[in-house]
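In what follows, chain A forms one complex with chain B and a second complex with chain C.
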Partner chain A sequence: MADTATAAPPRAGLSQSGPRRASPRARTLLPALALAGGVLLFAVFLSLSVGQQHVPLGTVWQALVSPGHAYDDTVVQSRIPRTLLGLLCGAALSVSGVVVQGLTRNPLGDPGLLGVNVGASATLVTGIAFFSAGTGQERVWLALPGAFAATAAVFALGSGRRGATPVRLVLAGAVITAVVGAYIQAVSLSYPQVFDDYRFWVVGSLAGRDASLVGQVLPYLVLGFALSAILPSSLNALALGDDTATALGAKVGRTRLIGGVAAALLCAGSTAAVGPISFVGLAVPHIVRSFTGADHRWLMPFSALVGPALLLLADVLGRVIAAPAEIEVGVITAFLGAPVLLLAVRRMRGRS
Partner chain B sequence: MFTPTALSKTARRIAAVAVAAGLVIGLAACSTPTSAGSSASSSSSTSGTDKGAFPVTIKSALGSATITKAPKRVVTIGWGSTDTAISLGVVPVGIEKQTFGNDSTGDYPWDTAAIKKMGGAIPATFNVYPDIDVSAIAALNPDLILAPQSGITAAQYKTLSALAPTVAYPGQPWQTKWDTQMRLIGKALGKTTLVNKQIADLKTTLANYSTKNPEFKGLTFAYVYSAQPGSLSIYQQGDPRVEVIKALGLTETPSIAALPASKDTFTSDIGLEKANLLDKTDILFTWFNDEANEKQIEAQPLFAQIPAVKRGSYVPNVDQKLAMASTFITPLSVPYALPRYVKMIKKAASNVG
Partner chain C sequence: MSAKPLGAGAAARPRPRPILRAGTWLAVPIARRATVVGGVLALALLAASLLTLTLGSLGIPLGQLAASIAHPDARAAFILNVYRGPRLVTAIGVGAAFGVAGALFQTVTRNPLGSPDVIGLSSGASAGAATFGLLLPGILPLPVGALLGSLAAIALVYFGTGRGFTSPSRMILVGIGVAAMALAYVQFVITAVSSQDAVVLGAYISGTLADRSWGDVAVVWITIAVLGPCALALARRLDLIEMGDELADALGGRSSRTRTLVVLTALGLSTAAVAAAGPISFVALTAPQVARRLARTPGASVTLSALMGAFMMVLADLLVQQSPFGSQLPVGLLTACIGGLYLGYLLVREWKKGTV
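Our next item is the complex of A and B:
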């Protein structure tokens, strides 16, 4: 009977990790993980329920389990693709954020740091400008190669004799972003019709996406998630510095390679599907780290739950605040992300 | 990195206005600019000019234009002015370059055909997006600028007025009725008698279509914009697209007509999730950029379930030229558009259950 107190769900806050490491932390974080899952489930239902046409939650449930032919069923079904994309891309962006922040040991890192966004944008504007491609289906295939090429370029440029180091990676990312960014500006500003298409894409939105997009990007995302899943322990080792990590038996180079590929797959797949959505990859790992600490074994699964919940809630907010018009989710995440970024910077200053 | 928020919000707003105005930008198939028709040939005709028509002063919402003698070098901006000027015997020296529904000359095919028939020179074209190409207009040395159905701003009006007397809209931008527009142009060109006759003729033509198709009378319609996935906007009365259909005898679906128009537009933006507002509409009109766009939109379950779409009492216009021509009521556009347009409406009407 002595254990009842500890077995009960945590009431106020989450306990600090004590000297014994695994068990007390697991005892508090496992319920928290379930809670995060609950919040995500709630966000999914909200995403299916709220919009120009409000559908009560009970009706949403009915539309999912036993659809009749009521108009509300069609409304709910039309929201399924954007909800699925929100789930997948939210998880992809935040998990790749965890990976990139771990790889570069840069807490301000986000997947855009590896050049994924500019790479995707560059091939996209090229396709629209010179090959008059532009429909939803074509965009995925336009955005993916650019995203991968830019990431490869960042890694090539960031690798010295001893492989890619965090500082070199960040610098290479900045260089590629600047160069490719200039190209995108030049093309999109010289061709007004490209600019018109591009500016809608670059904001990032879950709205009006075709359900087939999910299937198109799913293989990339699944592979990205699978690769990320094997990384947490290696990323923990990497956090101690390259030398210590190597001394502990971690394969630093291999971790960077797998991590780079995983982050590129996740971020490129997401960007190709819904456009570059800012701040999710940056902010979610920070939010999660504030209660899990730096252990990637917790950071990763929590981010995979909190990221999509945040993205879906932001999307729902965008549908509500300017109704009947919608504000793109990319705009909302930027608004929500900015304070988190400020907070993160302040916390870092506090530590150093 | 890009900071998309502020920039694209403004840009979006611009686009929203442009779309509302039906000016579809972003589709510009850059046609080669026509070599400015030889400036030597004055392209105006004096037949039909009223005696004592000049000088004349025309007031608009942005200022007054005084025209002292019969204009010879006319420039047109916006919708329908080119048509009206040509049908009054005055071929403009320069026109706004059209980017939707245009032919290779950057103008509408019914205008080009009429000019060729008259033996006039094909007008030079100038861009108005993202801003009016004032230097191109100045190079044309105009003596009258017609923009009664357009969206020119007060600042643009001032600039243009410095080049030549400029006729803008009498009320709100893009909200000039077709007959008002024709009267303004007739007055500016000194051909009031002729233009009044043309207006009467057009009204007769439209009434004839209506009497010849009595089945149109009891039918309700809605004209929507849905070419962007997830969007649904309804064109309201005052928009020429709607006026053309009303002139043929159809009635706007009352519940749709009662929706408030969004600020400064003649459209009501409702969003595709409210597509059930169209349930009681007999015939649904819309336009698409092209067939790929049509397929993409029609694949949306919310669009596909609209009763009019389901039963085929639906007029989806994918022919850009016809879409534009059925957006004007002018002596040139009506004979181009209506024979085909009415056929499409008859077919849709036969599917109304």
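Our next item is the complex of A and C:
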């Protein structure tokens, strides 16, 4: 069963990269999953340990299991919110990337494609400009409705009488992004104060976030993860094309709806919390696909582990390379993700 | 993304076209409808240009325009030489350059969404401008940075594909990667500079025609003078490529070489346009398509795309100058908005026909 699902999907573009391998089996993938979990754990510890004030890994462990009153404990405590956010948002972005790429059958699919980022930015900018809202906590509540509204608009525009198709969704995403993006720029450039605020949010960063943010976005993310968890088999069917999927008994429309809601919840929650972070949703599924194959039942759990590991390591890297200053994690992920894309393209065979 | 050839669905021609001949070496078929559309576009461009110079409190009344251009007084000289003249001439050149570049890109990639943006050129220009804004605030003009940035992005794409410019699909994919890196870098710079510089930079990277000088005019028009004829010469070989590489090669089209030359020409034109006005979006994308639909030509016509691009640019800038936001609002925002709506219209129309 796993074999046919992995080998069958005729996919365009990137996924044709590399030599065709026989489907990896569970007995090689399960240890790999454990390994990915180990890497993630290591990333968590690094995230708690590295920074302006370095705390040895052993001390981090002590601070976590038996917090005393040492200075190191305080440092570790102060890094817990951003580590938690990195974990949650990394997983959310990469899982929503898997869902969006599966739904649109587009290997270049990114959650941003569904308009989530511009939607969140638009309501945020509007709120700051016209209602002088938007310090700290209010941002989440400003960003969320916009993210959902834009996703709904993309789906509405992308669904004709016969339902959403991959091409329509991609085009609809481009339309919404262009129009709403112009609005964001026009407003923010007309109000320098808004621009000043917006430019720090839009770059995407885990730094300086309040611990209470985690609680605020957690419900959205948990619901998004739960919906995503029921999707893998349907996404496998969808990869065969609408007609074949329908013939096999898959409910194409329902899958698209659930998938769209799940991706919107995950991506909106994470964008509201830490700003738009590019390339995690695009690159992680590609990295993972290179060793799991196209079976979503493996792709999704692996992505949920690799995504946060990548995001946390990128965040650590951003603290290290510009020390004592920091480079925002959104910048680092783009610079890590783009070469992955380049490598994948270079490995492509043929012209089309 | 569908890779539908531009000419798909074009009906067979009902009757033979008249052909313009000069000796044995030149034989240009003349499409009647395309000629009419071209004439109308040229008139529309002229009208929009006149409005740009005459409207508003700073405009020169239409009756005095000819006299003012011949013998300008101090006020007319200021408006014509500094305030609106260079801006208008830049707009025409930039629009034409983007239109031609778009027509070439869309034909060569066989993708109606092909434009300088998708291969990372615009984002590279933004990154270059941002670097200059960061390192040398206020010393060197942003356009120089934009020029260097787009050249760097082109080089990255060229070497990133591993095959130069011969494979359109790879170009687009690598371009997306380069664009993502460049934009992340731009956002980083925008957080790193002072808030005043950030606003200037933010406006520039949206694409703006505010405060253009005759230097900008020279950049874009010299490029057009050099590369425009190349584009016209290459356009006919492109018609062959549209039929497919194998067929084109068999007919002597030398598809790989043609493709590289066409991409280089398109890159040159859009780089000059970006250097003159910043990365203005959607003109390169929409101008060839609107022109093609109006003229009902099978492929994107270079001349019509140039006229259409110039008209769109001048019209957009006219609207921006007369808008309540004022003439400093980046014209790129308006083109992005209109381009986005046009995409939406296409989408709705396509799903009504049930073809997407």
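In this text, the second predicted complex is superposed on the first by the 319 of 352 C-alpha atoms of A that agree within 3 Å, B and C clash if a C-alpha of one lies under 4 Å from a C-alpha of the other, contacts with A are read in each partner's own complex, and residues count from 1 in each chain.
Rule of thumb we're sticking to: a contact is a pair of C-beta atoms (placed from the backbone, for glycine too) under 8 Å apart; a residue touches a chain by one contact, two chains touch by 3 or more.
Because the structure is a prediction, the values reported are computed rather than measured.
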Which of chain B and chain C A:186 touches, first, second, both or neither: second
Partner chain in contact with A:32 - chain B first, chain C second, else both or neither: neither
Contacts of A:330 with chain B and chain C, given as first, second, both or neither: both
Chain B versus chain C as contact partner of A:203, first or second or both or neither: both
Contacts of A:223 with chain B and chain C, given as first, second, both or neither: neither
Contacts of A:279 with chain B and chain C, given as first, second, both or neither: second
Which superposed partner A:172 touches (first chain B, second chain C, both, neither): second
First (chain B), second (chain C), both or neither touched by A:106: second
Chain touching more of chain A, residue-wise (chain B, chain C): C
Touched partner set for A:338, first chain B, second chain C, both or neither: second
Contacts on chain A seen with chain B and repeated with chain C across the two complexes: 177, 181, 192, 195-196, 199-200, 202-203, 278, 330-331, 334-335
Chain C residues within the chain A interface of the complex: 1-3, 113, 160-162, 167, 169-170, 173-174, 176-178, 180-181, 183-185, 187-188, 190-191, 195-196, 198-199, 202-203, 206, 281-282, 325, 329-330, 333-334, 336-337, 339-341, 343-344, 346-348, 351-352, 354, 356
Complex contact set, residues of chain B against chain A: 1-2, 4-5, 7-9, 11-12, 15, 25-28, 129-130, 228-231, 269-274, 276, 292, 296, 299-302, 305
Chain B partner contacts - residues on chain A that touch it in the complex: 51-53, 71, 74-75, 77-78, 112, 117-118, 121, 135-136, 177, 181, 184, 192-193, 195-197, 199-200, 202-204, 207-210, 278, 323-326, 330-331, 334-335
Contacting residues of chain A [partner chain C, same complex]: 13-14, 106, 108, 157-158, 160-162, 165, 167-168, 170-172, 174-179, 181-183, 185-186, 188-190, 192, 195-196, 199-200, 202-203, 278-279, 327-328, 330-331, 333-335, 337-339, 341-342, 345-346, 348, 351-352
